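These are the structures, in structure tokens.
Both complexes shown next keep chain A, but they swap its partner, so chain B is in the first and chain C is in the second.
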Partner chain A sequence: MGTGSSAWEIASVFVGGLATLAIFSFLIKENGFYRFFEHLFIGIAAGLGPMLVVRDFLWPNIVEPMLGFSVRTYPDGTPVVPYQPLYLLYLIPMGFGCLYYFIYSKRHAWLAKIVIGFTLGTSGALAIRGFFSEAIPQVASSFKPLIVFEDGAFSIFASFNNLLFVLTLLLVLNYFLFTFGREGSAQGKIAPLGRPLLMVCFGAFFGSTVMARLALLVERVQFIVRDWVAAVGTIVGFG
Partner chain B sequence: MGSRRIIYLIMLVAVAAPILLGISQRPSRLVSAERMYDVLEKVEVKPGEVAMVWMDFGPNTIAENEPQAMVMIEHLFRRRVPVVVLSQYQQAERFLSRVPQTVARQLEAEMPDQKWRYGEAWINVGYKPGAAIFMQSLVNAADLSKFLGRDVNGMPLSNYPNFAAIGGVERVKVVGEVTGLVGVFDTIIQFFQKKGYRPVIIHGCTSITIPEAYIFLDSGQLHGLLEGIAGAAWYSEVLKKFHPQSDNKRLLVTNTALSAAHLVIIGLIIVGNIMPFFTRWRSRGDR
Partner chain C sequence: MVATQSGDTRARVIRFFTFLGGIYFFVYFVLPEPLVEELGMKAHHEQISNGFIVVGSMAIGLGLFNLVRTHGARCVFARPGWMNSLSLLLGLFVTVGVMSLQWIHSMKSSGEVQDVQMIGEFASKIGDDARGKSGIVDPSTGVVLREYASQKLGKIALHIAGDQEIVADVAHEVLRKDLASRIEDLRKDEWYLGTSSDLSALTLFTQKSNELASSYSVLMQAEASQATIQRLYNFLYDGLFNQLGSAMFALLGVYIAAAAYRAFRVRTLESALMMTAAVVVMLGQISFGKEIYEEMPAIRQWLLEVPNSAAFRAIRLGAGIAGLMLAIRMWLSIESTSFSSEKK
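Right after this comes the complex of A and B.
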């Protein structure tokens, strides 16, 4: 925190540090201080979402143009761009979306089902499109050459990497192949080889999860030791 | 004091010591970060062309994602690439303004004769809800400036010469995605493209999502990757190599504190696995 920090900045750092210590106090034991800040955080996160949707999206993109608030005028009162009444067409999808609220009516709940059906259909279509644009390049990239030449010379390292990749891919895919009877078949005998490879993968995920959690701890300790202590120092008059 | 609390205390000391003493070690080399550096180094923008950086993170992953966003934006600013910052994540609001402002201040302190001003070097168009549907509309918009409309302060983009007429999505030369949220990242990979346009995507991920992000790096869907704090730390070292005035001390201390914590965990795992043998050996001796 710089020496020229505003009172508002100092106050926010002070409250932030207090909240951090409150949450960490859970490590000693469950307590009221912790619970207060936990609820405070949930409340803020819940309130922030709708506010941002209204401020950054609904108001500037829908309400303002629809009601003509976004029309700027020259000093003589003539509009720079005339009001566009076509924006009123937004009322159609908005009205359609509002049918969702009929879910609370026993008699008219079927109206909500139309919106739910529409949403499910749209989401399904988007998911299919998304899946193909994400997965196809990955499938294509899994066809790796097992013998790799780099600058005209055979690269043992790159070849080994690709061999390991292809072997892992095939063994793990085979591990999850449950369609055919495994007993006594070659596929069944090879299947257990996929398990240790999966365990390596889970180990990597676990290790990286631990690393992420520790990174959070480092950042918070850094914040407390540097910023918060400086803010407290400023408040009590040492800064 | 229970053994669990002793472990917490050891971890706290391990993390706090390098921070309090200002100990910093050189980070390990990360090729994925160097790939990203090369990508940004090659970006050439004509007037109207921009980079788009999505900061889809909140306080819960600030530790890793903020340093990544900082080094990414620092490099883009140094290269004078106009940056549009925005987010699909509500809680990113504060970072959308803080990160570019901090980077601009640092660069201006480093080079007092140069300026990085809001509206010239970057604009913040704020939080954009709608995920895949928004992304579809964005990539199909004829003019991104008109589609995005206004910045977070309510100013029309037409007021900022560098961002007044961006045109179609093809004019976005680099897409940066800094997030720890897999679903949000997927939205970029899946929908930030259209027929004839596949963007250059660079990504800053949290440690948890590194194994998953590697799949995209390997398949060529990502062109560069920052792996947690370590990725940001190495990137800052590469930046420092070419810009010696760049100050990355704090990031290196953070990375060192993380390494110290890792060493303690490895030590605890070893001790935890040896102790049962030791206890058994002692109980046999007592008999």
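Right after this comes the complex of A and C.
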């Protein structure tokens, strides 16, 4: 906290510290203080989400041009960009989307299923596209050269790395392959080799996750010790 | 019997709309790009995609309504946990209220900036029109421009005077002085005064007007950042939301570590490998790891880039294929039994 900090900044740090302590109080046991701030967090998140959708998407892209609010005219009355009546077509998806609200009617709830189905269908098609655009480049980049030459000389380290990469990829993929009968087949016999490699991967994941969260924990503790204590000091008159 | 028939029809309608929902994006993906362009799909893709998002975004009220209904009832009837529900609703309504006010405020500011930008835009348009008519500027539109510019300059001058009484810091003072000098400069401009009406004078006026609009925009942004509603928004977002989010995330870190300490036992070669990988990654990320063994960060890097990356790619590919199957089943309504028939 700087000496010239405004009242707003001090209040912000003070409440932020209080919220952090409330969340950490869960480490002792579940309590009302924690529950209050947890619900407050959910409330703020629930308010932020819809407001961001309306402010950043619905209003500028749909409602504003549809109602003609984005139409600007020069001082002599000629339009900068004329009104586009085609924007009124957005009333169709809007009306269709309103079918969601039939979910509250026992008699007409099936109408809500139409729009839910439509959204699921859209998500399904987008997922198909997403898979191919994401997986195909990954498959292509997995075909690494097993013998690598660097500056005209054979590189044992790079070759070993590529060999290990390809072997790990194939063994782990094979471990998850249950389509054909495994018993007695060569595929079934080499399947257990994928497990230790998977364990190395899970261990690395675990280490990365813990470190990321601990880094944040350290930042929180620093915030409490430095900023929050200073803010409290300012409030009670020691700052 | 009649009810069953109507149920089947409904199920068919739902299946049809489910298929319809995916057909556009599927066709757009599978068709070759030249054909997509020829059919006009590429030109209107953004607008069409927005239409799909609009359908989904209509559901936002559903979530809000459910939250208010559930937690509102708990508050009204003072059921157990009503204080928590109250804090949730408080957070919700205060956020919606503050964001709405901040949005209105920013729209008003940007509207005022756009009005000032219009001086330059209109001057530029008059210049373009004149170039199309062998360099002759229409005198009547010139008068309209001068009147408009005069009106807006007066408004900015008034704004600066009013602003001086509200915000009195050094940074604002510099911006205000800069803007005032630009207003004075524009008021002495030959085109503005009507002493010259040729295209070169108009071009100079356009340039000065654009610079004035940029200065005004900077001042308005500086004012917006000092506005009470913006501070209130920062207080909610940075002071509460971000802090609570970080604290929750950090809290989970403690629980992950504690759970691993309690439940994880090294009894097999595989569990030993897992623990070794985790320890190497953790030690490799901190300076203490380098104290133990100089090459620890390099080993960590190798572990993440070679075996971990390969195994993770295999997991992702496997999960991706499963996701692809699920997506196809969803799109073709094979997956959801609740949609297939009303009888179930």
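Rule of thumb we're sticking to: the second predicted complex is superposed on the first by the 215 of 239 C-alpha atoms of A that agree within 3 Å, B and C clash if a C-alpha of one lies under 4 Å from a C-alpha of the other, contacts with A are read in each partner's own complex, and residues count from 1 in each chain.
Methods note: a contact is a pair of C-beta atoms (placed from the backbone, for glycine too) under 8 Å apart; a residue touches a chain by one contact, two chains touch by 3 or more.
As the structure is a computational prediction, the values presented were derived from the model and not from experiment.
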{"item": "Superposed model, chain A: greater residue contact from chain B or chain C", "value": "C"}
{"item": "Which superposed partner A:201 touches (first chain B, second chain C, both, neither)", "value": "both"}
{"item": "Partner chain in contact with A:211 - chain B first, chain C second, else both or neither", "value": "both"}
{"item": "Chain B versus chain C as contact partner of A:98, first or second or both or neither", "value": "second"}
{"item": "Contacts of A:28 with chain B and chain C, given as first, second, both or neither", "value": "first"}
{"item": "First, second, both or neither for A:126, with chain B first and chain C second", "value": "both"}
{"item": "Touching partner for A:60 - first (chain B), second (chain C), both, neither", "value": "first"}
{"item": "Partner chain in contact with A:71 - chain B first, chain C second, else both or neither", "value": "neither"}
{"item": "Which of chain B and chain C A:225 touches, first, second, both or neither", "value": "first"}
{"item": "Touched partner set for A:114, first chain B, second chain C, both or neither", "value": "second"}
{"item": "Doubly contacted chain A residues - partners chain C and chain B", "value": "27, 45, 48-49, 53, 57, 61, 122, 126, 129, 131, 134, 138, 201, 204-205, 208-212, 214, 216-217, 219-220"}
{"item": "Chain B residues touching chain A - in the complex, by the definition given at the top", "value": "5, 8, 11-12, 15-16, 19-20, 60-64, 90-91, 93, 126-130, 132-133, 136, 149-150, 152, 154, 180, 186-187, 189-191, 193, 206-211, 215-216, 218-221, 228-229, 250, 253-254, 257-258, 261-262, 265"}
{"item": "Residues of chain A that touch chain C when the two form their complex", "value": "8, 11-13, 15-17, 19-20, 23-24, 26-27, 32, 35-51, 53-55, 57-58, 61-62, 72, 74-76, 80, 89-90, 92-94, 96-98, 100-101, 103, 110, 113-115, 117-129, 131-132, 134-135, 138-139, 142, 161, 164-170, 172-173, 176, 195-214, 216-217, 219-220, 223"}
{"item": "Sites on chain A touched by chain B in the complex", "value": "27-28, 45, 48-49, 52-53, 56-57, 60-61, 122, 126, 129-131, 133-134, 137-138, 140-141, 201, 204-205, 208-212, 214-222, 225-226"}
{"item": "Footprint of chain A on chain C - complex, ascending", "value": "10, 13-15, 17-26, 29, 50-64, 67, 81, 83-85, 87-96, 99-100, 103, 114, 118, 121-122, 125, 141, 144-145, 147-148, 231, 234-254, 256-257, 260, 269-271, 273-282, 285-286, 302-304, 306-318, 320-321, 323-324, 326-331, 333, 336, 338-339, 342"}
